[in-house]
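Chain naming follows the written order as A, B, C, D, E and F, and within any one chain the residues start at number 1.
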Amino acid sequence: MKPVVVTRVERADPAVVAALAGQGVSTVHEAMGRIGLTKPWMRPIYPGAQVAGSAITVLAQPGDNWMLHVAVEQCRPGDVLVVAVTADSTDGMFGDLLATSLQARGVVALVIDAGVRDVASLTQMRFPVWSKAISAKGTVKATLGSVNVPVVCAGALVHPGDVVVADDDGVVIVPRRDAARVAEAGAQRVANEEGKRKRLAAGELGLDIYGMREPLAKAGLRYVETLDDA
Amino acid sequence: MKPVVVTRVERADPAVVAALAGQGVSTVHEAMGRIGLTKPWMRPIYPGAQVAGSAITVLAQPGDNWMLHVAVEQCRPGDVLVVAVTADSTDGMFGDLLATSLQARGVVALVIDAGVRDVASLTQMRFPVWSKAISAKGTVKATLGSVNVPVVCAGALVHPGDVVVADDDGVVIVPRRDAARVAEAGAQRVANEEGKRKRLAAGELGLDIYGMREPLAKAGLRYVETLDDA
Amino acid sequence: MKPVVVTRVERADPAVVAALAGQGVSTVHEAMGRIGLTKPWMRPIYPGAQVAGSAITVLAQPGDNWMLHVAVEQCRPGDVLVVAVTADSTDGMFGDLLATSLQARGVVALVIDAGVRDVASLTQMRFPVWSKAISAKGTVKATLGSVNVPVVCAGALVHPGDVVVADDDGVVIVPRRDAARVAEAGAQRVANEEGKRKRLAAGELGLDIYGMREPLAKAGLRYVETLDDA
Amino acid sequence: MKPVVVTRVERADPAVVAALAGQGVSTVHEAMGRIGLTKPWMRPIYPGAQVAGSAITVLAQPGDNWMLHVAVEQCRPGDVLVVAVTADSTDGMFGDLLATSLQARGVVALVIDAGVRDVASLTQMRFPVWSKAISAKGTVKATLGSVNVPVVCAGALVHPGDVVVADDDGVVIVPRRDAARVAEAGAQRVANEEGKRKRLAAGELGLDIYGMREPLAKAGLRYVETLDDA
Amino acid sequence: MKPVVVTRVERADPAVVAALAGQGVSTVHEAMGRIGLTKPWMRPIYPGAQVAGSAITVLAQPGDNWMLHVAVEQCRPGDVLVVAVTADSTDGMFGDLLATSLQARGVVALVIDAGVRDVASLTQMRFPVWSKAISAKGTVKATLGSVNVPVVCAGALVHPGDVVVADDDGVVIVPRRDAARVAEAGAQRVANEEGKRKRLAAGELGLDIYGMREPLAKAGLRYVETLDDA
Amino acid sequence: MKPVVVTRVERADPAVVAALAGQGVSTVHEAMGRIGLTKPWMRPIYPGAQVAGSAITVLAQPGDNWMLHVAVEQCRPGDVLVVAVTADSTDGMFGDLLATSLQARGVVALVIDAGVRDVASLTQMRFPVWSKAISAKGTVKATLGSVNVPVVCAGALVHPGDVVVADDDGVVIVPRRDAARVAEAGAQRVANEEGKRKRLAAGELGLDIYGMREPLAKAGLRYVETLDDA
């Protein structure tokens, strides 16, 4: 594939993006049918951030952050920069200068399957990053990659314009065309859980609420007083 | 082994459990003779929690949290739910609804050799979890496991009713029958350390307090001014 | 190599050490020419600490912390204790008693390529530790090692008296003889970045500030509206 | 995404597939522009196999091999079965019975981002497998997945009908539409390397063959007799 | 726990042990109900060995192989030495001298959750070892452990006298009391698989042999010609 | 550090190098006092090679093999090329063309803390490589590093001219000045082990040969018939 920057990116409806941000990763992942997650090695640099935005994607070479500078120009307010690397790397490809530039353009977060540095500054700036590692290792600017091509980031396929939802549970990617449908399913799920939460808090058992006793018995589960009775 | 739920669990004396909670993991581990720890990959989802409780054990299939719902019913106030899985998994088998249910029953913590999700909510609820991973990955409810059988959780053998002690240093399992003896040994250790802490804070050296100079010399340790003298 | 304690350690100028502490790991690492970092698995036990000091080195056996007690005596105010182990280990070789002793001697931090315990106490004491693991596993005092010999700690070569800089981004080792030169280069780098930060915050692009457009075009980067145009 | 089996798969020209098989993974990866590799954790169960085939893809649940049985029916002679899992798992989802069935249908290999078992039998059968792990852990048949949808397998995006090339260096995925072009570029590369191999074997240096001396000097490389001269 | 050597070990019937050896790890694991495996990081040092024997257990300290020498004396012909360590270690605790001693006593294999060395010699001697690592790192003989106490080895609970089955798929532990029953179930499984293997080799599909089509349809699986039809 | 190639390397006596090759890694490591090993992740690409040679060192950037081409010119017959990287990388920095060039110059092996490719060809050529990974991932030639400076390779400090010993147990580095002394100590160790091997093969116990019974009893080891007696 020749290095390329794709300049036109269709984005999801901002209201849908906001709805997904509010629901959070675990709910959105369930609403999508339990797919779309990045690997659990992707962790936030500080706890408590919960965001969603449209993906601007970067395919970079390991140890080379040239294309991140290129990508900044393609970002708009509400975007999330998503960086994939052609081989495993923990190098610190991103720091507080790039974050300053992204914040100036209204970008809401970075998701990078590599390392990040200046995390104390990034925390003070409240610029959230989900990364594979924290590392001061600097990078070169020597080899081209691409911007806004489909990438695999930490095991998840991301197309430019897909909705990226991220919080303390990790990161999930919602295909742009499915975003409205997923947001609706997620809203139902949230509403549905609220009632269950109250019943559980009141001491009712999930065994009863979910009607599990019969299928468990049918599957062969036995209750015994001691293991010798088993 | 056929799937089974054992309903009768003998628990340790609550006063002993409280004593062990106060001593913390490192002290209890030393008092036991340096055994009983789970692997260091087991980490708390938020810092500062320090608990102890009686183990209710679950042996689950990877990616399947059906038996956690079954286990809730077997829990009493002061228990800790301990989940082992038959194969390595980071799936998020536990979230805020199950935590609500456990809190309603007085359970004090979860220890799970797999993933957990909804960690922002769990942190707000102050329901502490020690886990191998944080992951939004949802699970199915399709295959039976067992409740209150002996399990190996993150490398540690746990019998139902054993005392689970957990804090920022990790998790240690105290066999129920040894709990009183260990608590006593731990208390002595705490008392003993207090005196040493004061002497060390005052500038005395461990070399002198512990009488190490002679055994070090006997083992052959030499002091030289520069490496060329060695 | 015979076990030995080297008692004479030349240290860097305290003013230089202080300057390096203020610049932080990422800046110092760049100022050195992008070398000197320990592996990214070395993480602080609590966020926010930023220190520098002169290295007192320990080469210990896995699971044996005898030589740490020996090393305490060799420490002076402003030092950082650096512990390397002859084989991979996550055992908790260091806890709050040793930290009390080190604090009494004015030591500012511990860097250990193994485990640490009592992390809740260490956090309360504000004694910062960068380690490979947190583990309650206790250690024996049975086999000699050495103090103040050159060691490889988490992939980085450390000579006694080298300057250790550590913060939330990790740990970097500055050879003593290079310390003044590196501090100077780091100061220039900080000054230089300040101007760029302001321009980036004002919305200027790195592409323009760093003059990247021409080299990117020369390297063959193309801009297209859609991927079908590529 | 609803569980689905897609029955129509377009495959690449068998002559192109055979050409790619002969070139091997490293050459094909270079010919594609250094992309398309699965993660290096994917290793063959025995050395010496070198194959290529058309991908039949499976998206399975961790610990559940139901969909592999479904996928067998979709395979034709010359295909490679590619299995992705919705979450990390090392369970042994594949063994000698499934291999017998695949061999009966002319399938040439399995690529699975999970575990495999019966490896002694598979080796005797000369049925090559590239997997993430070897594990006897059995799986259930309880939850649906999909067959012949695009999947991410060990970090690589695979569409049904893409050409899978695998040897002792790992696995590379060639998009079906690029296969002929890549095979041609690979053939040129092989021819080109042959001449270089002879010159290198005769003692000529790559520095001279590739004309590196000038760019190295331009980049600032200096030759000194001892490090003190540096 | 005080260091102790338990001298009386009940062993399983040699005919049962031989039957389990012949069935291999994957079959035995299934016959037990899919439990009893050690972690998949336990790998043989050379391919092709397939053994079973009665467990003599060792609980050792990391980096210390003193108790292995003690354990040799407790071994009888047909035993397998199983070594667990109180903390993670890859040190080479076992080499060709200890293997010579074990072979002289008729021990058939070593299973060790740590490192092994002299693997070229061990391969020539045909003394099979399943280990977590290969490492030349030598160990000390300084701290006691125990022999023939229950241990957790690579995640599996092992009692002295349990039957250890090991082959290229890994290691499985069969409790002594269950051994005869498991061997019988395993034999049935082997017989049962033979018929299926022939039918699969002849081209019949598992979908039909196992009657999966109806449950798949019931679970909602749909067949479509292209993804656009989904 | 400025990029530099040091052209003058002092090498150890070839007779000493040959003696160390014959003794192998585990013996040499013990003869040195149990230091000098690289991490156990360094594994040979095929079993059975056992070599020693003088180190020519490379410090390379991750994903960039430019300096390997530079290093070839500095190699002489009997050398071992040792490659360290400034940050973790598994990229395939070395393949059969570079191996052809090294073999033409009489180089006996490669030790690389990164990836290698063309392993089938390298195996056929009998050019042994110890590496961290096998990966087809190609690299660029864009950034300078250094040749023949001291490097840390997989945790071991290597100076140019040090003796590198490698076999199936891993890799050990012998400082050039210590080589003769270590070879002598190794020879004694080999002679010493021969006698022990014969006695152990004849059924004598290490407990008796090494006189361990008394120190074990003194350390408190007790023998009991059953665990209940403990």
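Keep this in mind: a contact is a pair of C-beta atoms (placed from the backbone, for glycine too) under 8 Å apart; a residue touches a chain by one contact, two chains touch by 3 or more.
Since the model is a prediction, treat every value here as computed from it, not as a measurement.
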If a chain touches subunit A and subunit D alike, it appears here: B, F
Count of contact steps on the shortest path from subunit B to subunit D: 1
Higher-contact pair (C-beta pairs counted), A-F versus A-C: A-C
Same or different contact residues where subunit C meets its copy subunit B, judged by the half mark: different
Mean-CA-position distance for subunit F and subunit D (Å): 30
Mean-CA-position distance for subunit F and subunit C (Å): 27
Computed distance of Cα centres, subunit D from subunit C, in Å: 39
In subunit E, residues with contacts to at least two other chains: 2, 34, 37, 40, 86-88, 90, 135, 137, 143
In contact (per the touch rule at the top): chain pairs: A-B, A-C, A-D, A-F, B-C, B-D, B-E, C-E, C-F, D-E, D-F, E-F
Residues of subunit B that touch subunit D when the two form their complex: 61-64, 86-91, 135, 137, 140, 142-143
Parts of subunit A lying in touch with subunit B, wherever the complex brings them together: 24-26, 29-30, 34, 37, 40, 43, 47-48, 50, 167-170, 172, 193, 196-197, 200-203, 205-207, 210, 212, 216, 219-227, 230
Interface residues, subunit B side, partner subunit E - complex: 1-2, 32-35, 37, 39-40, 59, 86-88, 150, 152, 155-157
Subunit B contact footprint on subunit C (complex, rising order): 2-8, 46, 66, 69-70, 72-73, 90, 92, 95-98, 100-101, 103-105, 115, 117-120, 123, 133-138, 141, 143-144, 148-149
